[in-house]
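Pasting a structure below so you can have a look.
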Amino acid sequence: MDHENLKNQILSLIPEAEFRENKQFLEIIVPSAKLNSICKELKNSGNTWFDYLFCLTAIDWNDHFMMVYHLTSTKHNHTLVLKTRVDNHQNPEVDTVSDIWRTAEFHEREVYDLFGIKFNNHPDPRRLFLEDDYGFPLRKDFTDEINMIVR
Amino acid sequence: MKEVLNYFEDIFFGIRSLWAGMRITGKYFVSPRQIVTQKYPENRKELKMTERFKGEVIMPHDENNHHRCTGCGICQINCPNGSIEIITKKELNAEGKEVRAIDKHIYHLSMCTFCGLCVKTCPSDALAFGREFEHAVFDKSKLTKILNQPGSSLLKDVK
Amino acid sequence: MADEIVKNIILGEDDDYVINMGPQHPSTHGVLRFEVSLKGETIEKVVPHCGYIHRGIEKMCERDTYPQIIHLTDRMDYLSAHINNEAVCLCVENALEVEVPDRVKYIRTILDELNRIASHQLWWCAMGMDMGALTTFFYGLRDREKILDIFEESFGSRLLHSFNTPGGLMNDIHPDFQKKTKEFIQYFRKKLPEYDQLLSGNVIFQARTKDIGVLSLEDAIQYGITGPSGRASGFACDIRKIQPYSAYPKVSFKEIVYTEGDTFHRYKARIDEMYESMNIIEQLIDNIPEGDHALKMKAVIKLPVGEYYQRAETARGELGVYIVSDGNKTPYRIKFRSPNFSNLFIINKLATGFKIADLVAISGSLDLVIPDIDR
Amino acid sequence: MTFNIYDLSSFTQSVDAWLRNAMSPGWASLTEYVVIGLVFLILYAVVGLYLVYAERKVCAFMQNRLGPNRVGPFGLFQTIADLIKLLMKELIPIKNADKVLFNIAPFIVIIASFLAIAAIPFAKGLHAIDFNIGIFYVIAVSSVSVIGILLAGWSSNSKYSLIGAMRSGAQIISYELSVGLSLLTIVIFAGTMQLSSIIESQANGWWIFKGHISAFIAFIIFLIASTAETNRGPFDLAEAESELTAGFHTEYSGIRFAFFFLAEYMNMFIVASIAATVFLGGWMPLHFGTGTGFNHIMDFIPPIFWFTGKTAFVVYLMMWFKWTFPRLRIDQLLTLEWKYLLPINLVNILVVAFLTLMGWYFK
């Protein structure tokens, strides 16, 4: 399915989706409050059928976080970048999608570990790599004077 | 009856597959010429590393103790791990002008990952990879090396 | 106090027989810890714990320029170092919208496949060793040595090459490269059937692996199991076919897909991939076009503002490089979607209900490289 | 004192007579016990160490390696150096281990293998005790070692050890049956359990040749079962280093570990020598029929070499297995025993009994 077609499909499913310029993939931004239901929609709808989440990460934009989900469909072979904005920079929270794509469970644990974004309803909300009191290293305001070499 | 046949078939194919594996190990057992290991410290003399082997970063000097390093510091900037430190000094050149020259080219072998960026980006080809690979020392401080030899100076035509 | 700490470390119910496999254990292939709850010898639950070799590569990359990132990617999945390098390079090249010369593409593809073979060889020896057949280890390493010698001749290093650079290759391949590679293919075509005779055909090996740890197609997609492990379950996830890069569009090869999804077919998929890789190399090795080995790039590479994603097929699955650039010479955020990270967490599902010995076989067949999980 | 390499009984008898001349009968017997004990101790150490060396060399050649080559010529003293290293190692005390059992376990294992040596005929007339129930004795004694293994696993307070010990228990007790039954076939053929008589009965051909295919099947089964009984690959589940790190001896260090290690190799030697004695004619040279020229040529080779050669052959076979095959899983191990080896063995015994009854074997 080409970009335009997919765009229309997604618009019909999710009217609130906001499209962004991206040379590579189709990219949408959705409100974080409805993330879980939108994802369900995207996965289960026959025309979109985004059944494979191949990348889940977050970006720290200093005042807010951006969750990025790279989705693809093994049936239709089209790809979508789904983004959602997490506004609270101190105590960020977002719904989990691990009930939709199981692989998200561990990617979300990684994101929680490195960014400190809490995932609501996550089945196993523990840190993955680091100790419990380490801080969140991938945040831009993270400092570690001993171990970090800053250029 | 079929089960009984299967039972013996299982045994037969099992033994045959086991024998196939045993034939291989047995074949190598009786062919000592296929041995691939080498006696390492004894074969030091004939042990040749390949031409491009990245053993350590060195600064080649010619017979008159000249090197090509101008002390520009590009290698230091390009090194991802901070394994190169450059200390420059001011020096008078032939025309009596004060120019920058290398005082110490400090190389921390312990931090080097042999990515080759310093050698590749050096504008005057002052650095190269040495083929030395036995780097074990008893004291960590010995891994910090000064690449320019004492008393060495810049080759004439290097800009 | 001490008891509390112990309790926090060891999860599981009090009446479970919990054993710790790792971080120092012969079959976890690195510093990975499996916390295994047992009933008799039967596994009730496996909880993988990682982070023992977490180095913060993504954070380090944020302070490095793009050429400097390359050497860090070597150290993620050190067995597919070249493919990791290539993925970053491709991402940067795509962002800059430059096209590398054909020669570079061909060489990269050949090296990718050589690297894949080397990786699979090491996996094969480790897998055999996990199963108790210690001799496989030496046969695999013996053959892998030939590839490493080829690598050493051209790149100067055997495992962590850092041979790619945005815009091409560090230096040109060694003049003997083609000859040596062809010799290797010839040699390895003879040796690979021995692998089958020694291990794949062995009745004990088959009994140990067939119908063990069956991964269904749905689970493979759900958990994002890629690479040969996913393809053994019928998940056609080969990036070389889906989004071909470098010289892959120019070669014809078969994507190895099995539908059984058990340990044996994960094993078989890798063995077959070695044959396919040799086919790919044979198609390319004689046709390397003449030309430059690298583009002339700017001294300081700055990516335009934006987000770039590049997928590549490493020996273990899909590697994703996600670069967010704010226009500086360093990436604002870089994310490596590493194949092993996704592949690891299926282990609980696969191993539950089987024996300890099967856990070892299953984790061996998933071919985990721990530094790639932790990054 | 007469010394005849072809028949050592004259030598041993003359030693005996000399001792009895020199001192009272009680002291003479005591001296003999001590001397034989010492000889066995030395034999134990030498054979154990050199089997380790042999195994390392054999596996090295199979794996395209050189193997040990640093200590002494061809690395001949490598294992001695290893032993010295192990002697100097610290004995790590284990927290919450059952101290007494933990310390006793290696000795039980080593004693069990030590006991079995006594019954083995090394050459004509070189035989510590010639029991009339020799085979029965060997089978009984060799299964004592499982107690040591179980104790070691239980007492070291380690979960890996316990699993290893339990596996070992299940394994040895199962395979004990097959070992016994496969030896029984030859007992039926020979009509005796005395090891010396069994050897005598092979003067005109070894049982593996004389006993048709049945003896061969019994030999194979004995080989498999005894490999399993000695906890060697591919049946080394009790150790299974890729699963249980080191199984039942995970927590042992230094000389205690060396005991387990030596006992494993000694057990291998013992089962190999039993196989050589029972199936391959022990010290008896290769004979076909009676009184041919071929038999005379074979007789030139002294019996002790025949015995060592045959034992070495069986040991080599066991090493060949170990370094070729992957390890079995515990349930497959038991399946192999109860589903394949045991039924085949039972049928085999019936066939052998029938053959013997009818006299249908090469006499």
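Per-chain residue numbering starts at 1, and chain names A, B, C and D are given in the order in which the chains are listed.
Everything that follows uses one rule, which is that contacts are C-beta pairs under 8 Å (C-beta built on N, C-alpha and C of every residue); 3 or more make two chains touch, one makes a residue touch a chain.
Note that this is a predicted model, so its numbers are computed, not measured.
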{"item": "Partner chains shared by subunit B and subunit D (touch criterion as defined above)", "value": "C"}
{"item": "Grouping of chains that still touch (sans subunit D)", "value": "one piece"}
{"item": "Identity of the chain that, by mean CA position, is farthest from subunit D", "value": "A"}
{"item": "Averaged-CA centre spacing for the pair subunit B and subunit A, given as whole angstrom", "value": "41"}
{"item": "Distance between chain centroids, defined by C-alpha means - subunit A, subunit C (Å)", "value": "25"}
{"item": "Between subunit D and subunit C, distance of the C-alpha-averaged centres to the nearest whole Å", "value": "45"}
{"item": "Intercentroid distance (Cα basis), subunit D paired with subunit A, Å", "value": "64"}
{"item": "Contacts with 2+ other chains: residues of subunit C", "value": "135, 142, 198-199, 202, 204"}
{"item": "Per-residue multi-chain contacts in subunit D, two or more chains", "value": "62-65, 323-325"}
{"item": "Shared-contact residues (touching 2 or more other chains) in subunit A", "value": "149"}
{"item": "Touch-based graph of the chains, sorted into line, ring, star, complete or other", "value": "other"}
{"item": "Contacting chain pairs - touch in the sense defined above", "value": "A-C, B-C, B-D, C-D"}
{"item": "Subunit B-facing residues of subunit C, complex", "value": "64-65, 67-68, 70-72, 74-75, 135, 142, 145, 152-157, 160, 162, 165, 170-171, 174, 194, 197-199, 201-204, 206, 299"}
{"item": "Partner subunit B, residues of subunit D touching it in the complex", "value": "58, 61-66, 69, 320-321, 323-325, 340"}
{"item": "In the complex, subunit D residues that touch subunit C", "value": "59, 62-65, 159-160, 163, 167, 233-234, 236-237, 240-245, 323-332"}
{"item": "Touch list for subunit C against partner subunit A, complex", "value": "50-51, 54, 56, 58-59, 63, 94, 219, 221-224, 226, 235-237, 242, 306-309, 311, 318, 320, 322, 324, 332-333, 335, 337, 341-342, 344-345, 374"}
{"item": "Subunit B - residues contacting subunit D, complex", "value": "11, 18, 21-22, 24-26, 28-29, 32, 34-37, 39"}
